[in-house]
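Following this line, the structures themselves.
Same chain, two partners: chain A is paired with chain B first, then with chain C.
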Partner chain A sequence: MSAAEEVVAEGHQAVEAVPKRAMTLGTGTSLVVLAALLLVPMFVKNFIIFQMTMLLIYGLAVLALNILTGGSGQFSLGQSAFYAVGAYTSAVLMEHANINYALTIPISATVCFGFGYLFGKPALRLSGVYLALATFALATAMPQLLKLNFLEHWTGGVQGLVVTKPDAPFGLPMSQDTWLYYFTLIVTVAIYLLSVNLLRSRSGRAFMAIRDNEIAASSMGVNVSRYKTLAFGVSAAITGVAGSLGAIAVQFVAPDSYTITLAISLFLGMVVGGVGWLPGSFVGAAFIIFVPNMAESISKGLSGAVFGVLLFLVIYLVPHGARQIAILGQQFAGKLRKN
Partner chain B sequence: MELFTNQVLAGIATGAIYACMALAVVMIYQAIDHLNFAQGEMAMFSTFISWQLMQWGVSYWAAFVITLAFSFVAGIAIERILFKPLAKAPVLTNVAGFIALFAIINSSAGLIWDFTIKQYPTPFGSAPFLGSQLISTHQAGMIGVTVLLLLGLYFFFQYTRIGLAMRAAASVPESARLVGINTSWMIALGWGMATAIGSIAGMLIAPVVFLEPNMMGGVLIYGFAAAVLGGLSSPFGAVVGGFLVGVFENLAGTYIPGVGNELKLPIALALIISVLVVKPAGLFGRQIVKRV
Partner chain C sequence: MPAVTGKLAAASLALALIAASASTASAQKKYDTGATDTEIKIGNIMPYSGPASAYGIIGRTEAAYFKKINDEGGINGRKINFISYDDGYSPPKTVEQARKLVESDEVLFIFNSLGTPPNSAIHKYMNSKKVPQLFVATGATKWNDPKDFPWTMGWQPNYQSETQIYAKWLLKNKPDAKIAVLYQNDDYGKDYLKGLKDGLGAKAASMIVMEESYETSEPTIDNHIVKLKSTGADVFMNITTPKFAAQAIKKNAEIGWKPLHFLNNVSASVGSVLKPAGFENAQDIISADYLKDVSDPEWNNDPGMKDFLAFMNKYFPEGDKLDHGTIVGYGVAQTLVQVLKQCGDDLTRANVMKQAASLKDFRTEVLLPGIQINTSPTDFAPISQLRLEKFKGEKWELFGDVISADVGG
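What follows is the complex of A and B.
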């Protein structure tokens, strides 16, 4: 089974090497998925459309973590902090400065890129569990920082801010939810394509070289510290965009929505989807959105335990996440074609 | 100046809790090379077992010993049943497994014993220790037990065959296997010991923070921080780290204006990270030498 094959270069390595070509889906499959995403909202209820919007948003956030961990091999438990910064940037700009929601998204991407890049600087000295602890500290500090008194005028303190949901533009005949879904879909597809291209570019190869062997990468002329901080910046920017979209979709931002629990969910999403496999991010997002609800419906009192058992089942069956299923499917299709 | 000394003393008292937990964290890190996120929940569950035994009329020390044995066996069982199949899976998948274990234990404890806060007895009493208002006899006892545990572990790892075998299995598994050490069982043994130490930590902490399924959340974070600060390869470092974190946290809360209870944790963590930026392997940790 080639899916389970991995290059165990050294014991301390956090992420197994992923073959570069396996990082994306084939063109045909991608188009089918895209068509489904475009057509489904025409036939389902508003609530399901809202859930699909959230799926895309969390998918983006998981994708961002995947670029950081699966791409450059740096582990982060602080993604919820970047998500919060993005969400608050949009909310504050929309509610206090009356800026159009669509314009707030590039702004929050820029703000988050700067934030992530700056955070990546001291994090350069750390790796493995130490980096996990540092990012964890960021995640626990963020809700408290947002509650600070002198920011209360802008952030609304513990109460948070209510965000107005945008109407469909140009008089398009669709509900707010449907419009927001398509808006999110456009942003998601754009970012997905950009990410795929980023990982295929010179910078992407530099990320992966660092992930696979830092010393070898630097002796080949890769500027390790530049690319490591760059990975943090890009990851934070994408997470920030997800945060902005999330704030608009949920119509509400509050410090306690962005705790470490969110960062842990995003991490689980990445593992379930397959570390280093970008399309898997959306599978992982589906897992972290739907499985807790499913667990709740199976047993109210034991929902945590049911969730844990389901998670164990998934990691036993496919320790490499959805990527493993995709590779198996590909081999199966290849065999069928030969016969 | 008196305020300062008092705060340092109070910090040492809370630090004892963190030191205990950090010791358990380092133990399992030594054995399996991962941080076990479910460690705190395992300790909480053990503490509930001992509480239940006492409710049934078992005396404190009998319950203590039974719980210790139970935890040791349970730790080994968890490793054999749940994590041995994941031994070949990527590290991050293992971490996801810890999170799953966390959810399972937390939620089952909530269902069995519900979420109300329970009193937990202490064997040391809670009178002021040596006339000081800040440290109670319980906290002094806790510090004592932590130090004893540390000494015990030191002798176990330095002077017994099995301790040596465990260290070998953790640091170079391939070579250890070649000289005939059963590395797989050494890992299980590490889980058992770590769970047992965790249960001691839980039983000592419960009188202070009260017993409930979420009691370990905060403690575990500080325990991790302490272990990382002291250096994950050193049990001694973990204990020192625990006391330092306790003192840090108290002093930050007292002397930095505008720091309420809420900001104590982020500030303590920020301090630890600043230390790590200067000394990336922790205060007493061994620098990992990479072979090129």
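What follows is the complex of A and C.
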């Protein structure tokens, strides 16, 4: 077992004790967050709504990685490839086949599920850092593949494809941005609930058993190879949905949008949010969207270095990410109640 | 009570006065979001981080130049507030930054945002918002499309017009040439290649004997050169970025291939390409340019060059004067200042585009002699002239007249 894996496994001791509670937020907190997400767009500028949409989208992509790494214990630095496939599936279907944007999303999910499942097959033979490397290769290859000549008619090659932004349906009196935000919110909530249920189900328990000890899991009768590839498929499908929504929100797809930098950002988001803690995915997404902007406002020339220092602080002070802060908050609230 | 009414009366009188003065002011002055009596807010997006961060120096030069303008009193009494953000050359980030500039910082327009993919990502957005995307820093041909995208304009000569100029020259002086092309497999390489083919017209199929492409990820392009030599071509069209251009020049000399060598402007730098490739290997190479080369001794006593160097020493001493990016940033910033001067007190977005589209024979003194910036409502390609040059000794020698080629997107 690699050192990296041990760290992840360590982080899961809390999960093993009370998996249901530790995976999610309490019902009350969830409802408050949901209400905030529903109401805030009514009072802010379109630009903020756009940022919130991107937050949900990246949150979904981080969530997908969280299911893979936090759930089944497999590493992936190749999420940007699945994200790209989802984005391009939607863009090509919308622009070349005139298919409604909402319909392209389940199609992207299906395509990416297949892609992830197939990639999961050979990945079975690899574990730990080797799997990370294999997925890294996928992420590096993807932008090049999208530039291939024979695909250029569909993908637009290096020039990319411009995607038309959908209007609100049924003549609803809201801007395109607001509509897209609520649309994304509906998809996100649906996927979030599905993911929580997945991890609480038989399959979810099988994922976690594999994560904690593969040999023990297989002797308990868990079909290790099936569940490992299944985890890859599910993760890829959710990432693909995020990619589709991202393409619609940004209105543009190009190979340069889906480089290894994106994959690393998503990985970073997962670690900052707390590996294996689903709500943390959205905290992680906020980190990867807003912290680089903050770093830039502190120093333009050294924005990379400032970002590095902030990241270092997070990892040093709260190694288990947002989950750790949430747990501390809960304990504090508990103490207050007792008093 | 009377005291309160008195105060109210005074306040309303003051308000009325303010309103009156404001309305008289607006009779002569017209503003859109981002412009006031004292300030013009300009947005900019540059890759300060990431794979293309070498270009970030363009944005820093521009910031320094606007500081100089502000120190000298601004433009028609208004100071420039230059807000420049980093997008790391990632298109989704460009969209976020452009929206931040337009919707949150409320700039008058976005100026000289860099790169073809990042600008493509915001092309539609800027035009639907009717916010100028002015003088974008990319040579792609599609920015010259005033009919479909009336709010977007390029600045530098586009790639296609450069190879069209080579094609024109070849048709006239060497009509039976056998051309071997080496190009980078991306939008830049393909744009150049298209210009060459369009320029040659019907003869393209017979004159081009081989089109060979390479990927930026390849460590060396030696094998491509050997392959091109084997075709027996007598003209070599070298469409490569600086590192590969130097390799190609060296390899040509090594294997003794001496075709008529055309080197694209992207790699025409003496300091970063021809010197490392060896001056003896680079003799008689033909290229085309529109800007003066800082390292060329010919411009030692040139007033335009002296102004540039004085500016660099005073406002941007840490910037590399030999970097192509500094002279580009300087030239494009000067062009913008001209546009804003022409706008006068009518600082609306429509008027900014109108003035940008009515530059007549404007010159920034870092342009080569004879080259002028001209735009019109149907011509959104500010610089569409180049001069051919031949490498002699240790510098470029201009030859022939200024050649124009306007290409639409």
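Here, the second predicted complex is superposed on the first by the 319 of 339 C-alpha atoms of A that agree within 3 Å, B and C clash if a C-alpha of one lies under 4 Å from a C-alpha of the other, contacts with A are read in each partner's own complex, and residues count from 1 in each chain.
Just so we're on the same page, a residue touches a chain if its C-beta (ideal position, glycine included) is under 8 Å from a C-beta of that chain, and two chains touch if they have at least 3 such contacts.
As the structure is a computational prediction, the values presented were derived from the model and not from experiment.
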Worksheet item: Touch check for A:246: first (chain B), second (chain C), both, or neither?
Response: second
Worksheet item: For A:125, is the partner it touches chain B (first), chain C (second), both, or none of the two (neither)?
Response: first
Worksheet item: A:315 contacts which: chain B (first), chain C (second), both, neither?
Response: first
Worksheet item: In the superposed arrangement, which partner chain does A:102 touch: chain B (first), chain C (second), both, or neither?
Response: neither
Discussion item. Quick check for you: in the superposed arrangement, does A:303 touch first (chain B), second (chain C), both or neither?
Written reply: both
Worksheet item: Who touches more of chain A, chain B or chain C?
Response: B
Worksheet item: In the superposed arrangement, which partner chain does A:133 touch: chain B (first), chain C (second), both, or neither?
Response: first
Worksheet item: Between chain B (first) and chain C (second), which does A:69 come into contact with in this model arrangement: first, second, both, or neither?
Response: first
Discussion item. Just to be sure I read the superposition right, which of the two partners does A:147 touch: chain B = first, chain C = second, or both, or neither?
Written reply: both
Worksheet, complete the sentence: Going through chain A, the residues touched by chain B and also by chain C turn out to be 144, 147, 301, 303-304
Discussion item. Per the contact definition, I'd like the list of chain B residues that touch chain A in the complex.
Written reply: 33, 35, 82, 85-86, 88-93, 95-97, 99-104, 106-108, 110-111, 221, 224-225, 228, 232, 258, 262-263, 265-266, 269-270, 272-273, 276-277, 280, 288, 290-292
Worksheet entry | chain A-facing residues of chain C, complex | 48-50, 84-86, 88-92, 95-96, 99-100, 102-104, 116-117, 120-125, 185-187, 190, 215, 217
Fill in: Of all residues in chain A, those that touch chain B in their complex
4, 6, 10-12, 14-16, 69, 75, 122, 125-127, 129-130, 132-134, 136-137, 140-141, 144-145, 147, 149, 215-216, 264, 267-268, 270-272, 275, 301-309, 311-312, 315-316, 319-321
Response to the item:
Residue set of chain A touching chain C in the complex reads 45-48, 50-51, 54, 144, 147, 157-160, 162, 246, 250-252, 254-257, 259, 261-262, 289, 296, 300-301, 303-304
